[in-house]
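In the two complexes below, chain A is the common chain; its partner is chain B in one and chain C in the other.
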Partner chain A sequence: MAHDIEIIEKTPAEFEYKKRRSDRLMRSQLMMFALMIFMTLISFAAVQAGFSAYFVIPVVLLLAAVQVGLQLYYFMHMSEKGHGLVAFFMYGGVLLAFLTVLAFVTIIWW
Partner chain B sequence: MDLNTKFTPQSWPDHPETATMEAKNKFVGFWLFLGGETVLFATLFATYLALKNSVPDGNEFRTETLFELPLVFVMTMLLLTSSLTSVYAMYHMKNYNFKAMQLWLAITGFLGLGFLALEVYEFYHYIHLGFTYGNSAFSSAFYTLVGTHGLHVAIGLVWLTLLILRNAKRGLNLYNATKYYTFSLYWHFIDVVWVFIFTVVYLMGVVG
Partner chain C sequence: MTTVSNSVEQKKGFGAMLWDWLTTVDHKKIGILYLIGGGFFFVLGGIEAMLIRFQLLIPNNDFVSAGFFNELITMHGTTMIFLAAMPLLFGFMNAIVPLQIGARDVAFPFINSLGFWMFFFGGLFLNLSWFLDAAPDAGWTSYASLSIASAGHGIDFYAIGLQIAGAGTLMAGINFLVTIINMRAPGMTYMRMPLFTWTTFVASALILFAFPPLTVGIFFLTFDRMFGANFFDHTMGGNTIIWEHIFWIFGHPEVYILILPAFGIFSEVFSVFARKRLFGYSAMVFATVLIGFLGFMVWAHHMFTVGLGPTANAIFAVATMAIAVPTGVKIFNWLLTIWGGSIKITTPMLYALGFIPSFVMGGVTGVQQGAAPLDYQLHDSYFIVAHFHYVIVGGVVLAILAATHYWWPKMFGTMLSEKLGKITFWFFFIGFHMTFFLQHFLGLMGMPRRVWTYMDGQGWNLFNLISTIGAVLMAIGVIVLIINVIITTAKNERVGNDPWEDGRTLEWAIPSPPPFYNFAQTPLVRGLDSYWIEKQEGHNGYTAAEPVTDIHMPNGSIIPFFMTLGLFIAGFGAMYRLEHDWGLPVLIFGLAFTFLTMGIRSIKDDLGYYVTKDQIRRMERGRD
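Take a look at the complex of A and B:
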């Protein structure tokens, strides 16, 4: 099954480069995590503050959408190369999800 | 090449999760599964939104009076943090540091367990109040949506435990790297669904 894999020993310079690159990725992921915590706090605070529902609902939905984007692209690596088919599956799923929710909240009225 | 070949940090590939043909297939197949899961949860969200607060006359269980945000906030923080700890685990996986990866995954598991315990408490509390599954159309839709997510967390915890135990002596190789990687994808996906649950069910429920 795995006959096409050859083991390539990295030179010290290559190894150092790989380590630095993964450290950089880790730092950016940590920053995204801080951002997600911050957005969660804003969402909860906006609801607790008791603003009008017409203001709060769009804001918390927008923050949720951004947070999910960060999860997908930074934590689940969809921003990296080789994720074309992945994007196709996920956007296909999201499109169907959107249509389903739209149909249920507009057509069903009881 | 034997899949059980031992590596060193220097010879470990940059993308071990897709280094073999089998791993590539699992990677793509798992994302297809996640696309399907998106649709599964969409149907449950749609049902919930259509039936939200649909209660018989005289039934006092509505979102505004039932939900308590402090508990939901703690659950959100637990699950969000467990997402970060699984990122740490994958960082160590890519650096071929097996022990650190196992440790961070175990921490992920404990955070997930904490989340699940709070959810069980929450449901227990509601049922004690009389808000049972058959109480109203709203209650059925609520329990089905949030319960399906909780079931996913429980399945994830069993999966994680089996992964950690089964590979404890084997160490990291190209056979199990992709298994660990797909678990981390699954765990992030659970967090993605929860972001929408706390927003659509709890926050929008409290607002009314």
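Take a look at the complex of A and C:
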């Protein structure tokens, strides 16, 4: 059974474009990777340096949030086209989770 | 390959037919399975309702015992919500949504089958409690202090049964989301999707966000009752109110999971039988999405009397009332769809016309309860019972009955009798209002909900009597429907593609019931109500987006059945672990069995099969 496998040849211009594009992507991914390692080091250093827990915990949480964002946008390609719905669902979920936690904190545990 | 073409052309023996239904991954057959399973539990929940009403027929009645009455109300609510209303809606979603978007199946046929079997085994597990021990008796909300104090295994059946059934629902929801996002035919943009598909989409998103809290809550309950945890025990540092929050964070979106597909069904019925395009399509879509969002921000209105404080009560009261706005938009859009239409009063249209006043009454009492100070008076009275039966029976059940008549020809290829259908409607509709309208006043007169019996001389006797008579009328309506189904199936008069003659959406462009591959060629969608557009231009059928090519289809599989069977067995092990030696081994065996079947599924490649062009041409010719 031949299941019409289409073979599309790239034109040289297309090939060049794709190559430049993936080079650029690779560069940004490497940069972000370095940045994330750096942020992890800051977190460890902050704990090691023995600052007050009231300073360390928010900083570590903030850096963690930034890292989640970088992870999603630079490594899981959420910045690219066709991810609008995914982003909508994720932000929707984050909003609902935030409201739930806010309600729990304010009306149960306060 | 020959078996493929034979499977639709040959009669099979009983064993082969049973095997076919156990292993099917075809969305149309799974839709029918959901309909049968949901229908069975609907009748079961209905019998429980009748027993409740007979107990309340006269004051000081002892038709059933107080303990049994608690089991009846708990199981009536749980069965009707989780095992009847939702699966019946899933039945229609499965059967119809892939056809409406021009797809050949759902995105994950295997998971679709798994979802059905989990619902079925979960429901079976829950209902075996009647025979094995005592049924759950802490109300369908199973509030924690009461449910943890409840003796016997009743609540264990509730927790484990709903855990299994809930996981199945979550799978079904994810499946529909992926299907609707990824499998729409060329040209079927979001804003060309029929309203039933849209509401299925939003309801599935609600399932995605609402069922995980239920899973967590039920796990807490399971661990508190069966494994010695203390999540809800305040003497051990737990908090009993957390169950209420978690339950309603799930429970409120749950009622929108039920009502949104019902709105979708009525939107289809109105525009088909008013023979007009749905008025304000984009406003309808927007209202659906908005109801979905707001549905997550109002759960505490079930808990006004818990003592959350005036600030929290005020915020949740305002959010609750805000939901009336998009719902009102929908009501007016339906009215304006009928306005000036060329109306045909068929059975589905009768249900749709009956739905508007009934549901509005339920909505209005909902806004009343949304006012927190008034809710202090109405809380836990029969007013509440009247309210939620008005929205669920007046909305969801009427929609399910309408959809049964409306899509029956598409699902089974025969037309339910219109005459018997109208008899069903009038019995059910009059019975429904008789049963529940007076319950508003019973509530205002002070009758609390969930009472086993009541004293004479409080002025409640007559209204309770009328209410019970109404329930009998509803039961007669359902019996007439069952007779209708039997007669129609026995007569077996086949119908064509578009038996209502005014079908607007893609499902009416293909044979009834559709061939197992649905569309011989993937359709091209050129606008909203695409089949209507084709008919306006004098075409018969749909415009194809591709030439006839080989069709890739999934293979059936028995694995979902066994995967669920393992969980079903493990449930008994978890429950009897503390009092029987065999409990723990059975728990381990059941889980190991499920993991084994999951392993087999992961390792064994199943790439499906192809229906060749020749076979498709032969089958399409055979039909014409």
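The rule we apply is simple: the second predicted complex is superposed on the first by the 90 of 110 C-alpha atoms of A that agree within 3 Å, B and C clash if a C-alpha of one lies under 4 Å from a C-alpha of the other, contacts with A are read in each partner's own complex, and residues count from 1 in each chain.
Definition applied: a residue touches a chain if its C-beta (ideal position, glycine included) is under 8 Å from a C-beta of that chain, and two chains touch if they have at least 3 such contacts.
Here the structure is a predicted model, which means the values were calculated and not measured.
Touch criterion met: A:85 reaches chain B and chain C at once.
Of the two partner chains placed by superposition, chain B and chain C are both touched by A:93.
Note on chain A: of its two partners chain C and chain B, the one contacting more of its residues is B.
After overlaying the two complexes on the shared chain, residue contacts for A:101 are found with chain B alone; chain C is out of touch. In the superposed pair of complexes, A:24 makes contact with neither chain B nor chain C. Chain A residues 1, 3-4, 85, 89, 92-93, 96, 100, 103-104, 108 lie at the interface with chain B in one structure and with chain C in the other.
By the touch rule above, chain A contacts chain C in their complex via residues 1, 3-4, 85, 89, 92-93, 96, 99-100, 103-104, 106-108. On the side of chain A, the complex with chain B involves touching residues 1-10, 15, 18-19, 22, 25-26, 29-30, 33, 36-37, 40, 43-44, 47-48, 53, 56-57, 60-61, 63-64, 67-68, 71-72, 75-76, 82, 85-86, 89-90, 92-94, 96-98, 100-101, 103-105, 108, 110. Residue ranges on chain C touching chain A, taken from their complex, read 181, 205, 208-209, 213, 239, 241-242, 245, 249, 293, 296-297, 300, 308-309, 312, 549-550, 610, 612.
Every residue of chain B that touches chain A in the complex is listed here, in rising order: 1-3, 5, 7-11, 13-15, 18-22, 28, 31-32, 34-39, 41-43, 45-47, 49-50, 54, 69, 73, 76-77, 80, 83-84, 87-88, 91, 94-95, 174, 185, 188-189, 191-192, 195-196, 198-200, 203-204, 206-208.
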